[in-house]
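Some structures are shown below for you to check.
Below are two complexes that have chain A in common, paired first with chain B and then with chain C.
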Partner chain A sequence: MRHGAAQGEGRYAGLFRRPSFWIIALVIAAFVIAPLIGNDVEMRESLVLAAIYIILASNVNLMLGYAGYVNFGSIVFFGLGGYVCVYLMSAQGWPLAAAALAAGVAVSLLALVFGLGILRLRGAYFALATIGVNEAVQAVVANFNPWGGSAGLYLSPRLFLPLGGAMQALWVIYFLLVAVMGLSLYLSYVIKSSKFGLGLLAIGQNEDAAAVLGVPTPLFKALAYSASAFLPAIAGGLYFFKSAFIQPTDAFDLTLSTEAIVIVMLGGQGTITGPALGAYLYEELRGWLLTSETFSHFQLVVSGALLLVIVLFAPGGLMGWLYGRWPRLRKVLE
Partner chain B sequence: MIGILASIIDGVLVGSVYGLAAMGLTLIWGVMDVVNLTHGAMIVAGMFALYLATSALGISPYAALVPIFIGGFLVGIMLYWVAVHRVIGRPPLMSLLSTFSVNLVLIGLGTAVWGTVLFNVPVSLPGISWQRYTFPGTHLLAAALTVVIAGLLYLFLYHTRIGKAVRAVAGNREAAELVGIPTTRVLSLAFALGVALAGVSGMLIGTMFPFTVLSGDTYQLKGFVVTVLGGLGNPTGALLGGIALGLIEGLATPFMPVSWTPVIEFALFVAVLIAFPKGIFALRRS
Partner chain C sequence: MTALLAVENLRKSFGGVHAVSGVSFVVNEGEILGLIGPNGAGKSTLFNLINGVMAPDEGRVIFRGIDITGEAAYRVARAGLARTHQIVQPLAGMDVLENCTVGACFGSENLSIGRARDVARETAVLVGLEDRLTMSAAQLTIAGKKRLELARALSARPKLLLLDEVLAGLNPTEVEHMIGIIRAIRERGVTILIIEHLMQAIMSLSDRIVVLNIGQKLAEGTPAEVANDPAVIEAYLGDPALAEELHGSP
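Let's look at the complex of A and B:
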């Protein structure tokens, strides 16, 4: 027993000593400090989007990069989380923190139940189910009267008062989103360092072999699916609280989950810092596309072409390319 | 009661066209283990090819069928070499992502050109009246053409040398290669055939219903439901699966709003996958 305890302690102490821990801390610090310098509201708003990209991408990566399963409908978590949070606040009078947390718990429980059923399916069937689940959930929500049907739900501006008025509330939400982003990155990191993560990586390499070696594959996949729902749901709650309005077409917009996949593949699937790197590059690219006359209408086309080139010629993404050039980097930048 | 029967019959007519779309999907999936996520875009391409042929060139709608099939075949060969060939035999993740990205590009281009407004191809074809109900001529002819095309596909797969080669590659690619079948050429042919079927089914749907650039997703989803209903890689099963889906939709239409259709389809998809992983109509094959 004592031996086991000491080993466990060693495992967790090791987490703080590895460079990835501090790299993630640096990313968070940059997100906190950058907009505070000069009270830059414009920068804060573009960083909101970057933080959401990182949250969605690093949670998609839990399934895609670790277990090798594409979730085309990860936006369901974000949208449902938004709905649960906005509903609890507007109709039940819950405070933001409780509502957002409840949204995370509810959505990841739902994902667990759903995952246990659907993840017995292998490979491509799962991907197809995730496309279907988005359409189905959107249809249910659009017909669900307590949530306003297709018209959606509004939040009264009064609800910003407990956070010190609208101006200050925007800053509070921003810092909360950054916290969720940090937690997402640390979740990727902790899972990758755990036995659970090892099991997921084994599933990604060869599912039959993993099952034979004693990895409970359906359970692990369902747990990963559920874990990847928790933080995006909270982020959805915060985001739709910020816009004070939610409707099915916004909440379940597939563009965002598509972008999350592009970001993961761009940065490097299965890595911890890859999604953050990918999100940075993608947002730079997006900014450049939006200012360019010719390309502003072709955002989807460009991200699609980018994804195709990565899949065909550099499936490891940017991190994979870096590892190929400097193999030692694998130890520093995980 | 008669109203429900009429709704079911119409559902079956329309469902057979879903079956045609699914035949292409299941052919590709069964032969090369690739889930073609460009299928929706190809269905839409068929719709817009019909629109251009009738509005710009003034061709009668059904005369566009053969050119659309040939065009779809050529596009399919191109797509195979651009997006599929390199990912054959790699984990399903890669082919899913590569076809998904091509779909993004095509839908993005389509949206840039046509926007997301509704298009309609007027087809004047007398329907058949029965009691107080009239079955639209377009639905009847689409179902009839579907049956003809399915029959031709069956003849091709089971009674021609190339068709047998396609089935051999589907059964075991290495073994097929060992007995001298040029597998790569067969794979590209099967993919092109699947795309051509998607184009034709899109064209037939275009004669029946209005459509937008984004319609592909809906029909692609139906295609997947039909594919799992009919069993993977089984074109006859796909036709039966399509008819079954049409029947279910026809049965549901009088009782619930159309906006619930995706929910029914999805529930069906999951239930069938969990209860009959090999498809309902695939019992004979094993």
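Let's look at the complex of A and C:
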């Protein structure tokens, strides 16, 4: 929120002077360069998951960190995006780029309609409704024959041919996912420094007071919900194209959207770089837990406990803790 | 003088309680209208009905010639009507400047964020918060939070400002200061409707006063007329000290 005078002189001139911009650029560069060194496919695959974590977390953050609404069912955007994209490619013969973009637009519009409805609810009721939306969509998709019902949809391997075969296609998809990740972080930044973002942050602080101050709360909340659907839907399209297979239980798995919330809380809700930091820490922790003899079956238990500890003792997450120790950091890391 | 706000026969009940039952009055452009009455008279409910926090059961609210009855609070704010809260409602996690910027951004002038920040800084100076611009709203003292309520409402550049007990909880020096600020706001051409329990303050600030009692208008007139109205004195007799104070002031 603290832009100093830069804001008035033009958004882009200001942007390049902001440390956040360079931090985002560094993260993207790391994602691009690291797996290319030595053609490290194994690292690339683990970074795919990291990129998806960052995409989901930073978009959940638009609702959770900015507007103060907990969306437990954000995975519905990812899953629906996957379905729309896979369907358009397999049944309608669309190219990947067009199908993924169409998935983003379609899911965003659907979210806008849903949002105007369920965002009348607040607090725990909203959180419950988001789980309900995910479960309802999953049930509909599982009974929707054009999308393969509960058996799901398979993609023919020949669909990888336009991208230069399966091996090269995996790299192309990876770089596209990294681009979507970069856009997610950039979207967080753009929204946070805009008037729209200021309104959302006000809603997150005190919705009634925000409305009295003139913030059009129903519209802003629905727009934030819709915006937070766009990039996850595209990511879902890319991810399930990569898998060449999609079925309801994978597409609408609540575990992933719960993890996204843990990541946001761990990194620091309402911050731009927090979700990226949280995703990195969470993946490290998760990797360690999965390979540890004692904890390998308790990964989700530990996530849950972690969430509880953060909510109780450090609601600002890691970024909040850093700000607390070094207040001047707030200007550097947003 | 023309009517900026007209309240016509407003009614609001909560269950069996008639919080506001048939209140009408007019706020003229440029004046300070005081709204007084014992606790539970329906003053804050009336504010909530005017600025759209609640919709009335009956009656109309006309602001600048337009019927705004039952409009959402954010639409009323856009139309140029700002308010403060009796129980302060700071955006606690934001600093003073950001709080005021929200007011300016989404107020009557629909300002861009950069321009809004300038207006916010200006109004923060006007209410005497210029040394606390980057302080988190949560850290302000109660007097500071009252000033913030006022600064935030003012940042919206309203035509009409509803002040709900901005003097309550302040010490005499702070009250003095706040009265000065309210006068300065009126000098800028903002019309003010003010609820206040501090009799001396409201008697000296207001051009006219409306007295509410158990949801109804009991009296209306200049401070002197109201203070000498037998009905008003009787309404306050439950609190003899207050009746005395009312009678003793100009």
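Quick note on the criterion: the second predicted complex is superposed on the first by the 323 of 334 C-alpha atoms of A that agree within 3 Å, B and C clash if a C-alpha of one lies under 4 Å from a C-alpha of the other, contacts with A are read in each partner's own complex, and residues count from 1 in each chain.
Here is the rule we use: contacts are C-beta pairs under 8 Å (C-beta built on N, C-alpha and C of every residue); 3 or more make two chains touch, one makes a residue touch a chain.
All values reported here derive from a predicted model rather than from experimental measurement.
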item: Contacts of A:214 with chain B and chain C, given as first, second, both or neither; value: second
item: Which partner reaches more residues of chain A (counting touched residues only), chain B or chain C; value: B
item: Chain B versus chain C as contact partner of A:159, first or second or both or neither; value: neither
item: Touched partner set for A:72, first chain B, second chain C, both or neither; value: first
item: Which superposed partner A:142 touches (first chain B, second chain C, both, neither); value: first
item: Touched partner set for A:238, first chain B, second chain C, both or neither; value: neither
item: Which of chain B and chain C A:128 touches, first, second, both or neither; value: first
item: Chain B versus chain C as contact partner of A:299, first or second or both or neither; value: first
item: Contact residues of chain A, present in both the chain B and the chain C interface; value: none
item: Complex interface listing, chain A residues touching chain C; value: 1-2, 7-8, 193-195, 198-199, 201-202, 204-206, 208-218
item: Touching residues (chain side chain A, partner chain B) in the complex; value: 64, 68-70, 72, 117-118, 120-121, 123-125, 127-129, 131-133, 135-136, 138-140, 142-143, 258, 261, 265, 297-301, 303-308, 311-312, 315
item: Of all residues in chain C, those that touch chain A in their complex; value: 51, 53, 72-75, 77-78, 82-83, 85, 89-94, 98, 101-103, 105-107, 112-114, 116-117, 134, 152, 156
item: Interfacial residue positions of chain B with respect to chain A in the complex; value: 29, 35, 83, 86-87, 91-94, 96-98, 100-105, 107-109, 111-112, 217, 221, 224-225, 228, 257, 259-263, 265-267, 269-270, 273-274, 277
